[in-house]
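We call the chains A, B and C, going by the order they appear; numbering starts again at 1 in every chain.
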Amino acid sequence: MKRVCCGRPVFFVKPESGMNRKIMNIYVCVKHVPDSAATITVEGGTGINEKITFLLNPYDEHAVTEAARIKTGLPDAEVVAVCLGKPTAETTLRAAMAMGADRGILIETDRPQDSIFTALALAAAIQSDGRPWIIFTGKESIDSEGMQTQFRLAENLSLPVATNVIKVDIDGDGVRVESEREAGTIDVIRMTAPCVIGAGKGLNTPNYPTFPDIVKSRKKPVRRIGLADLAIESPAAGMQIQELVPAVEQRTPRALTGSAADIAAQIVDILKNEAKVI
Amino acid sequence: MTKKYDAIIIGAGVIGAPIAYELSKMGYKTMSVDKLPDAGEGSTAGSCAIVRAHYSTEDGVAFAYEGFKYWLDWENYLDHVKDEKGLAKFMNTGSLLIKSQGHKWQNVKKHYDAVGVKYKELTNEEILEMVPVLDLHEFWPVKRPEDPAFWEEPTKMLEGGLFCPEGGYVNDPTLSAHNIMRAAEAKGATFMFNAEVVKIRAAEGKVQGITLADGTEIDAPVVVNCAGPHSFKINQMAPGVWEGCNIKTKALRHEVMYCPAPEDYDYINKGYHQSDGDIGCYVRPEVGNLFLIGSEDPECDPKEYPDPDEFYAGRGGHGRDNQLTEEQWKAQCYRLGRRIPTLKVPNQPKGVCDLYDCSDDWIPVYDKSDLGGFYMAVGTSGNQYKNAPVVGRMMAELIDACEKGLDHDKKPFQYKMKYIGRTLNVGFFSRKREINYNSSFSVNG
Amino acid sequence: MNSIGLLIEFNDGRVKEANFGMATAARGENRNLVALVADGPAEDAQAVLEAYGVARIVNIRSGNRSWDPARQAAAVAAAMQKLEIDSLIGLTSPSGRELLPRIAARLGAPLIMDCIDIDLEAHRVRTSQYSGKTIATIALTGSHFIYGMRANVVPALKEPAEAEIIDFSFDGYQDTGYEVIETRTDGSGAHYLAEADIIISGGRGLKRAENFKLLFDCARHMNASVGASRVAVDNGWVPYAMQVGQTGVKVNPKVYMAVGISGSVQHFAGMKTARMIIAINTDENAAIMANCDYFAVGDLFEILPELEKALAAAKRSKEVA
């Protein structure tokens, strides 16, 4: 089920009629990312010191929560969390399972991969596992901030995709989603299933696990797949980090003093003459 | 030019500020120095600011109960000083001590009776009426989630608890230290910030003063070490002081977590401070309907004693920017999650990581030293916030007595607690004491 | 000549200002700037695009009646292939976030969003990663190259040219099961925060929802957008879309005014690249006071009304002049 088109493999998923268990799979692609509060230290020129807390990407929390919510009304559905990452990323799959995923797939890699490769690996893993009905991702990851894996995944599987989704309704054979394009502008989109949905922050409140949920998640299965098993052809295109440097922040704070009116006057003067914005 | 004062207090946290306040009230011209930009910005800021009476020794209970009375009477204590930042508030939630193998609660009960602390014994059913979200199974001993035994099903039930209606927490510990600073200033005290002590100067067995990093010299016949997690470094600067202590102090890394309360539980308005030795946690409400989860330092948890200067370096000077560890986040939240099965645990750790100024037996050292005129209020071990105003009074009286000729090492100073009327042998807190094996050797003191 | 495509965006029928900085960044020796206008008023835009050195304007008709990013992206990708444009620069804007990744996915091309620096010869960009804590230099390989630029990183400079308009009708679109049924706007007409030149944000110090009016009043006189800290959003004072920070919008304005915001690490992650930060806070020890360009220790409830008056006066004097 793989062919090469324009130099890249394309996987096809055809929707099937009927509600058999296979096509009710809801996949949630998750990423193991550094805690946003962690101190990032550059190491080896292009990487970071990884002895920090890694977590389920925050947008993916919304994706898992929504997948679990949708599953509630569909007894045959199964929520499968899929992650491309180092072996340590299992903790992120466990977190997704504690939040409602039924099982996990860890595609093991020994180094960070770009979005092009990641989308190929995710597509191949999903293909090898079953037939997707809805594939959730977060709208972006908070580490590399690429904002594109969901689109590439959809393209690889020839599926429609919507990003920054803040509402999902099952609508007959498809889904109806609301995508927040910008503050105050919402696109209402209908997609046929299967489809890819990039979860936005407005989608829901993440449903964090209770201790009993965590106990249950420990028994859920995680399948480990080696990259070699997926036989992904190396893509012709790529994005390679050549250098990573700490962002320098050096500002010299200067005080504005005097009465409220004095301070206001100084601010206006700065806006006008220094920043030249008014 | 060298500045001269009657007493220099190193540290403007919740221990140093009241000592400056009380000495000023007694007529001492004091100078408080702190390396941070404002009062209470150091490890005081990271304090959970719990006010509770249960300690493992009778003196500890009495001291804490006396402290409680100060918090109740906060404005009076401050002599109605105005603080432009507002006043810290004591939140009297009441304090529940779960009876468990983790606490010597039988001793606590005996001490409560001896001191006259108000309390009530509760059955499990009565506890559940007060805190319906609890699962009162016994989980003892305290374990870590890495240990497979952590996940075993409990079989036994707990046996109730002790409830003190008098107890709770102070809503803003930094602000409380700031309040005391303003009160002290009103009595003539001086505070100097961004002032790091690099040298304690002494001659002929007497302290002479301090030297700051910028070269400023300040002289005084009395110097008091209230440097919190830095206290052992200050003691080491003073000739003979560190060597003269039988009880030593060091900085212990400590994490406190914030986890949202279950949605249907109005913890912030209806919850209690709770000490639960069975799971090695204590909790109190925090704004946002959060559980603040502190650890009672169970033996299975790793202990890290960092260099305080390295710990605070590059983090804005205080521990609030420091990093929680995922392992400890899970340990503390899962422990509480066993007790509260509806507690939802977010993936991202949130909380405070700071340092305790930890003594060998987790009981503080409030004492003179082997150097004349050099005193210390150190080793507070995470359990002295609530006592701070009493410590201020007691230390001031101790200093005054010693300066007037008392040999405190030979004939320990007797401190009369003004609210509860008991007299405390301050020798209890001596640097020369042997390790006190009655201690809980934890934050419980 | 190397053709560099510019994905042009419109606002109320006019070319968005941020496109001119993009055109400025794209100019260079032996480069031919090609403005790609998808379902927009290409002819109306000719004059302003010429002023910034655009030599060709491709008037792409995707067959859309209204906004349909899937179809527009397919049309732009087809135009690039047909006209042999191998590099495309767009804005990391609301429509850019929809279109650029779709175009990249269709062409199998590398894409970096939110670039702060683009080297079109070496196919190398710089962008922030780890919520602004690091800057990554990334090399792109492939046959096409797509770049999402952060707005306002290059100041717009005029360089007049003459442009021809080429029509490109796209009819090769196959339905992929994606359809925009409806677009709703809540009528606020708020600027998109990420592209604003001036942002005035409020935090815990604002104390309640109604007080955000003080910020909107000031914003009106300086054409600024209003943002908020996470605390303000968590408390329900303002909607999430206004949240600046790690989990909110990341902004890069010329001026960022933080009012009653302490400046947590997470907030900084969203605004630290602002060219100038002005902080107003009662707490002189707030983290933001140590990491800004100007700070005023004071009561925002006294300063903001004065600021509104001063801004209104400045605006009036400008109008008179």
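The definition used in the following text is that contacts are C-beta pairs under 8 Å (C-beta built on N, C-alpha and C of every residue); 3 or more make two chains touch, one makes a residue touch a chain.
Since we're looking at a predicted model, the values are computed, not measured.
A.B. asks: Of all the chains, which has the CA centre nearest the overall CA centre?
C.D. replies: A
A.B. asks: Where centres are the averaged C-alpha coordinates, which chain has the largest centre distance to chain A?
C.D. replies: B
A.B. asks: When the centre of a chain is set as the mean of its C-alpha atoms, what distance in Å lies between chain A and chain C?
C.D. replies: Between these chains, centre-to-centre, one finds 22 Å.
A.B. asks: I'd like the Å distance between the centres of chain A and chain B, where a centre is the mean of that chain's Cα atoms.
C.D. replies: 43
A.B. asks: Between chain B and chain C, what is the gap in Å from one C-alpha centre to the other?
C.D. replies: That gives a centre separation of 49 Å.
A.B. asks: Give me the residues of chain B that touch two or more other chains.
C.D. replies: Not one residue of chain B touches more than one other chain, so the list is empty.
A.B. asks: Counting only residues that touch at least two other chains, what does the list for chain C look like?
C.D. replies: 265, 290
A.B. asks: In chain A, what residues contact two or more other chains?
C.D. replies: Within chain A, residues 36-37, 39, 58 contact more than one other chain.
A.B. asks: So in the complex, which bits of chain B are touching chain C?
C.D. replies: 37-38, 41, 85, 288, 316, 321
A.B. asks: Quick one: in the complex, what on chain A touches chain C?
C.D. replies: 6-8, 34, 36-37, 39-40, 42, 48, 58, 114-116, 119, 142-148, 150-152, 154-155, 158-164, 174, 176, 180-192, 195, 201-202, 235-247, 249, 251-257, 260-261, 263-268, 270-272, 274-275, 277-278
A.B. asks: Mind listing the chain C positions that touch chain A in their complex?
C.D. replies: That would be residues 67, 70, 93-95, 97-98, 100-102, 104-114, 124, 127-144, 148, 176-190, 192-193, 197-198, 222-223, 239-242, 246-248, 254-255, 257, 265-266, 268-269, 272, 275-280, 289-299, 302-303, 305-307, 309-311, 314-315, 318 of chain C.
A.B. asks: For chain C, which residues are in contact with chain B within the complex?
C.D. replies: 234, 265, 283-285, 287, 290
A.B. asks: Enumerate the contact residues on chain B facing chain A in the complex.
C.D. replies: 151, 260, 323-326, 329, 334, 337-338, 340-349
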